[in-house]
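For clarity, chains are labelled A, B and C in written order, and residue numbers in each chain start from 1.
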Amino acid sequence: MELKFILEAILFSAQKPMSPKELRDLLGEAAEQSEEAKPFKKVKEEPLVAALEELQKDHETAARSYRLSCVAGAWQFTSQPEFAPWITALVGLKVRPPRLSQPALETLAIIAYRQPITRAEVEQVRGVTIDGVMQTLQERGLVEQVGRAEVIGRPMTYGTTALFLEYFGLRSLEGLPAAEELRRIPVTKPESLLTADAGLATAPPEQQLPLADVEKLTEQTPPPNPA
Amino acid sequence: MELKFILEAILFSAQKPMSPKELRDLLGEAAEQSEEAKPFKKVKEEPLVAALEELQKDHETAARSYRLSCVAGAWQFTSQPEFAPWITALVGLKVRPPRLSQPALETLAIIAYRQPITRAEVEQVRGVTIDGVMQTLQERGLVEQVGRAEVIGRPMTYGTTALFLEYFGLRSLEGLPAAEELRRIPVTKPESLLTADAGLATAPPEQQLPLADVEKLTEQTPPPNPA
Amino acid sequence: MPEYKVQFEVFEGPLDLLLYLIKKEEVDIYEVNLTELATKFIEYIEVMRLLDLEIAGEFLVMASTLMYIKSRELLPRDQQVAVEEEEEEDPRWELIRQLVEYKKFKDAAVSLQTREIEQENIFPRLPIKPELAAPVPVKPDVSLFDLINAVNAVLKRVSKRDDMREIFEDKWTVSEKIEVLVKLVNERSNLKFSDLFVTVTSRSEVVCTFLALLELIRLKQLVCIQSEDFGDINITKAPEPTAALVEASSSTTSSEHSAIHNPQSAIS
């Protein structure tokens, strides 16, 4: 019996996505209960993941109506999107929170590729303040505080959560499109910015703008938190 | 898009085995909800079953850890039995609903091979009354009333249900192990029963069995109703 | 105010508007004429102001940056160089770098959105919770169908030789056969199923014997064990009067038919 078929059978019957660790534990447990399962008692993580990846390729090649996906490091069978009309008729619409707005998606993209990242750094890339959006992303559990930056004021840094990977069906952050390229572009430190051209800085708009409609502006986009 | 892949996607996501009728209804429902599903609005039973059978062959050829099976006319994906050790470990050994008792099984077998059959005829073959057992079998949905016999008193006749086939993993009654002779064992008309050989009659077991634990027996099978 | 909302949704900020203007010109970001771009951006801001639309602060900051760049461009060349040498960074390049970076994340946001929409149409397989037959340690006790098959075989053998005799009245009853069987098992402690039929003379005797056997199994007096498929069936006395057989019979039902059942097919 081949490991990959055993893994396939497990994933085929599993009620939830399974991580390599859970699969290894299960192989061990089965080996204790059954003579037949003994040869797979101690499978190392590496060959196990290799078998899973081979299995995924098998199913990709077979090009059937379902595939083996790895989301946030856990494996499960999922249907191909083009069959959604029928599966929806069968199980009902998928319950999902409303789609993310454009600003939220842009902010999320920046955080995903550049994490850990401070709010000021994100604002620098987007060229606008992101308070409301950050709150939404945190409330939806897609983004979380991950630490503090080693700069003056020690501002919070943010990163994406496991739910982020799940929400977008990503295996890991490596699975983000063009991950390498987008990570490489350095983010200029915010404090160097403040000493440079004021026009590009992210200081509160009140301090920078000698313009009439500052009042209206602050209604819309509250000034960034001092934290 | 090919019908068989649509059916595959449905069966792969279905929470229960699906009959061709259910599948056709679902195709119709999907067509009402979605433009993409329109071309499969009205699929006739015949091509649908043909597609299912082709699908079944596909999976048989692919020889993976699961297969498409048809039980009691309903289709579902099931895992191959040789992976049971791992699936047992996965789901934990769940306690199945209590198994059928030996008397229930015997009664069931007689009904399966001889349907439609009256209760008196079953009792004649088994040599004991079957009231309790018949009730259990009906409650568990394995046996149902199917009509009335054309004899005096027009007693109810009984037959097995679709669930019976499912429970034993049979596609149809033709799938029962060949027991030609069991089918041929003559069953005397119920009227003659009471006057015939006591050994085959439905008299209280106390009268028939010179065995030690008659007490236990009577606990199991209550004496027959005078009716 | 509704127009304002529309504006704000179209352009997420000054960089977004700049990218829009560049795209309209169909030029590469690196080759964009910043003086022209600054003029267009400021024109756009002016239109917004004329329409009395609220203008986010970031747009105004960008407008001033662009005006600064534009004014530098308008200086005579020799003075320009002098200014550039004074500064650490050329504001033009800084702006272009920022635009390029922002553009990449904007594209990444689009691909995230594609994935987001796709995910709505991807359904995880939630299998019918598999239900397993009780584990089968060695070989199961004989199943009902095994018994039927076995009796069938005997019936066939007998029917060849007793066609004539069958019309005669049956001399055996089930209760008599039960006594015979109990006696046999007590004597031999281990009996083969085929042994039961060695001496039978009629088909009805076979039936009686078989029914007697079934009855004794039901009464938990006997246990049938088949050590291999289609092998002979051993009949022994039930080890313990009650509990043992209940357990044993629980694994006989359908083990050879299906190792894995789903719960819907099971009975509750």
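As a convention for this text, contacts are C-beta pairs under 8 Å (C-beta built on N, C-alpha and C of every residue); 3 or more make two chains touch, one makes a residue touch a chain.
Everything quoted here is computed from the prediction, not taken from an experiment.
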| item | value |
| --- | --- |
| Touching both chain A and chain C (chains) | B |
| Maximum centroid distance from chain C, chain identifier (CA atoms) | B |
| Averaged-CA centre spacing for the pair chain C and chain A, given as whole angstrom | 22 |
| Geometric centre distance via CA averages, chain C-chain B, whole Å | 27 |
| Centre-of-Cα separation between chain B and chain A, whole angstrom | 49 |
| Residue numbers of chain A (touch at least two other chains) | 12-14, 33-34, 66, 77, 79-80, 82, 87, 91 |
| Overlap residues in chain C, where contacts from two or more other chains coincide | 123, 125-127, 129-130, 135 |
| Contact footprint of chain A on chain C as seen in their complex | 8-9, 12-16, 54-58, 60-62, 64-65, 68, 88-89, 91, 94-95, 98, 101-102, 104-106, 108-113, 115-127, 129-130, 135 |
| Chain B contact footprint on chain C (complex, rising order) | 123, 125-135, 144-145, 148-149, 151-152, 155-156, 159, 170, 172-179, 182, 207-208, 211, 214-215, 217-221, 241-242, 245, 249-250, 253-254, 257-262, 264-268 |
| Chain A-touching residues of chain B, taken from the complex the two chains share | 1, 5-6, 8-10, 12-15, 26-27, 29-30, 33-34, 36-37, 62, 64-66, 77, 79-80, 82-83, 85-91 |
| Partner chain C, residues of chain B touching it in the complex | 12-17, 71-72, 76-79, 81-82, 84, 87-88, 90-91, 93-94, 96-103, 105-106, 108-109, 113, 125-128, 140-142, 163, 166-170, 176-182, 185, 197-200, 208-211, 213, 216-217, 220 |
